[in-house]
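After this come two complexes, each holding subunit A, first together with subunit B and then together with subunit C.
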Partner chain A sequence: MKIIKTIRKFLIENFLFEEDENLKNDTSFLENGILDSTGVLELIAFLEETYGIEVEDEEVIPENLNSIANVAQYILKKQGSLK
Partner chain B sequence: MKIGLIYPSRSRKATYSSTNQQLQSFFDTNNYVPVFYLPSLSLLTIAACTPPDFEVKLIDERVTQIDFEEHFDIVGISIITEQALRGYEIAQNFRERGIFTVMGGIHASVLPEEARHYCDSVVIGEGEILWPELLQDFKKGVVKEFYHNEKQINLEQSPIPRYDLIDIQAYHLIPTQTTRGCPHDCSFCTVTKVYGSRFRNKSIKQVVSEIETIQKTLKNRRIVFNDDNMFVNKKKSYKLLEALIPLRIRYFTESDVAIAEDEKLLDLMQKSGCVTVFIGFESLVPENLASLQSSKWKFKRLKMYTEACKKIQFYGIQVLGAFIIGFDYDTNDVFQELIDFTLENNIMGQYHFLTPFPGTRIRDDLIREGMLRANDNRWNRYSCFDVIFSPKRMAKEELEAGLLEVYQTVYSKEVHLNRSRHMIEILKQIKH
Partner chain C sequence: MTFSKSMLEIDASLEASRISDFIREMTFKNFKRKGAVIGLSGGIDSAVIAELCVHALGNKRVHGLILPEKESNPISAEYAKKQAKKMGVETSTIDITENLESLKVYQRRNEVIKRIFPEYNDSCVFHITLPQNLLETDRFNYHSITIEDKKGERQKKRLSGGDWLEISACQNIKQRSRMIQLHYYAEKNNYLVAGTTNKTEVVQGFYVKFGDGATDIEPIAHLYKTQVYQLARHLGVINEIIERPPSPDTYSLPVTDKEFYFCLDYEFLDLLLYAYENNMPLDTISKTLALKEQQVERVFRDFKGKERATWHLRQMPPSLAPLAISN
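Coming up: the complex of A and B.
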């Protein structure tokens, strides 16, 4: 899926800095120290810019932003609700 | 021979601890106060200065229990003031079992006679040269009670810390250091007394090697530069930051507010991965700032605080401002002023009570003025979140209630979300 590829690329370019085989689609960003608190903000800025969405305050929760799969699902849901 | 290097803990919640139950309860339950869990860089460095014929075990009591039955030939304990009483307990416990105990760190360096009462030998000041000397003497059976640096060490000779000793699961940030010292000599701070007023740099090659070692050993790229004031020497800072860019790290560091006057530096900070900068604003009350240093350096910069926050954030770098409460000119208005400043500038804040650490001018002044007992040694309370003395214009209860109110407001969910949104909008602009 293109969204998964895009998010993965963003994470590697900005946080991991190299391909990491341990980064699975369901790997927890927080439990594995992939994103720090500023990193979460950078991820939100990236999602808003890339997908033209606005991440609402109440949507900043692990269920939406804590893994590649969560983020992809969240983006699809947001895009669906925009249509 | 086996050495145990121990970092004592007053409590397991080491970043913020207070004997005030309401404050402690807030720190224990709030999700938005920034928390930094780091291994002790001092002990990692001391471990690196240990000759290879000694086996070294690092014990951080914040993350693991001490086994007092474990065999060591030497136990070395590093203490800052808040850890002193626990450090003394640990030293005595090992000493009773006939194990040779050594203490060092800022508190032992400032009060060596006190520390010596609980251990066999005290290392006063920087340990890079003294520690190997002590170990040589130990092998010969001629250890001295005190080891004292005659002069500051050349930082370029400081070895790469033993990052291989770290339990990586226990920490989320890894410390390293590029400089030691600070030119400001503030009245509440021990840095100048312990490290001297001369500002010293590691070589760029050395810093790069240390970071590459962290990356190889720990597979970690989240660094804290444990400097007292990292960018004092601007020309060297440019070169260092340029060298950091290809390393692709994300880092937290500490500086004075002067970085905001230098856009080239801010640009390089951003490009080299600076995420957050800790800045000692200290106070918003001019009279307080004027009393900190004879040079009045911070007082002269008070008027640029707001603009400085804006400039630094413009580069996508978060500001964590440090503020001290309890100076002579602080009144009950100080709490609302701090809240307003923090919210208006969308920064994070660390707010402390003025704490008269041994070795500081402020301690001498308070004792002279009869506001603090000369023999006050309630070191467990020297956490910066306990009131040690009542300042001139406020009572202890006012201070405690005020500090709690500041934290509750600044780290409420609503303010956290506003601050986050502010940074998100800046980060979006940067991408353009």
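Coming up: the complex of A and C.
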């Protein structure tokens, strides 16, 4: 899926650099220290810009943003609600 | 190992004397300095350090530097002076606003704020906070900015990563400018700079690298914040300082340590931090503190995240050279 590829690329380029071999679609960002407080804000800005969505504060929760799979699902849900 | 709510109670008299011995030995024997200078912020940690230095070295060998800037809470300098007077410690006050202006700290930072709130002007104040619902729900930490206009009306927005980094980089110059003044005073008088960072701050990375962390000795870095309060009561720190909510006092709109960084009250935070560091069993922690295991896990995740994000603060700059440490 294109969304998954795009998010993976963003994470590797901005947070993991050369250490991406363990990044699975269900790898928890929180448990594995992939995103700190600044990283979360960077990811949100990227999603808002790339997918034309607005991430509400109450949506900044692990259910939506804690793994590549969660993020992809969240984007699809948001885009669906935009249509 | 047992775990109880009284776990962090200390024998304040014994601890004060142990730390005083440490300060005396470091100052006279190791550093071979004549005294100690402390940045008196009007907060609990610097008041305790000043008291301990007076115990260790005598009040004539201790100097308090009060280093306000235009966004400091004016009560801070007032409390710092009152505390110094009580100890018979001489102080100097140096307003660092001009230093910060020359480094364009306010200008650069305000440009960022104006991008977020175009109506922000010199009569507005602001602060930064994290979400405070750490115990209630699984969530991420992210920084939000709140501005308040002269009518007291507030607006709040989540920051972007880039804006947070730029605001934070500007704000940190405040602590670094203070450290320049402290080292200047220390060097010209052959004193050392006594640091004021406590264990809660050290392990969670709540200080500025080469700012308030750039000191010669750290006499309370082994004590949790609640233990610093126990020492403060024992040493007779003035009540105004003891009763004051702890704050970084670097934002023009007041904000507490809890709102800005820790998201928990120190009483809870310190016990949980102790439990985390000592690998206490989850069920014991949850029973002792009347929390659900899931809540404890949330807090531990937060601890781990902050510990990981700030690991470099606690290290010497990594290099390829083997470190040769000698006395």
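Descriptive notes on the structure:
As a working rule, the second predicted complex is superposed on the first by the 82 of 83 C-alpha atoms of A that agree within 3 Å, B and C clash if a C-alpha of one lies under 4 Å from a C-alpha of the other, contacts with A are read in each partner's own complex, and residues count from 1 in each chain.
The rule is simple: contacts are C-beta pairs under 8 Å (C-beta built on N, C-alpha and C of every residue); 3 or more make two chains touch, one makes a residue touch a chain.
Nothing here was measured: the structure is a model prediction, and the numbers come from that model.
After superposition onto subunit A, partners subunit B and subunit C are found to clash with each other.
Residue contacts after overlaying the shared chain place A:T38 against subunit B and subunit C alike. Touch criterion not met for A:L23: it reaches neither subunit B nor subunit C. After overlaying the two complexes on the shared chain, residue contacts for A:I12 are found with neither subunit B nor subunit C.
Once the two complexes are laid over each other on the shared chain, residue contacts for A:I4 go to neither subunit B nor subunit C.
In the superposition on chain A, contact is made by A:D57 with both subunit B and subunit C. Of the two partner chains, subunit C is the only one touched by A:L65; subunit B is not. Counting contacts as defined above, subunit A residues 33, 36-39, 41-42, 44-45, 57, 60 meet subunit B in one complex and subunit C in the other.
Contacts from subunit C toward subunit A in the complex involve residues 130-131, 137-144, 158-162, 164-165, 301, 304-305, 308-309. Those residues of subunit B whose C-beta lies close enough to touch subunit A in the complex are 34, 172, 220-222, 248, 250, 275-276, 318, 417, 420-421, 423-425, 427-428, 431. Subunit A makes touch with subunit B in their complex at residues 15-17, 33, 36-39, 41-42, 44-46, 48-49, 55, 57, 60.
Of all residues in subunit A, only 30-31, 33, 35-42, 44-45, 57, 60-63, 65 touch subunit C in the complex they form.
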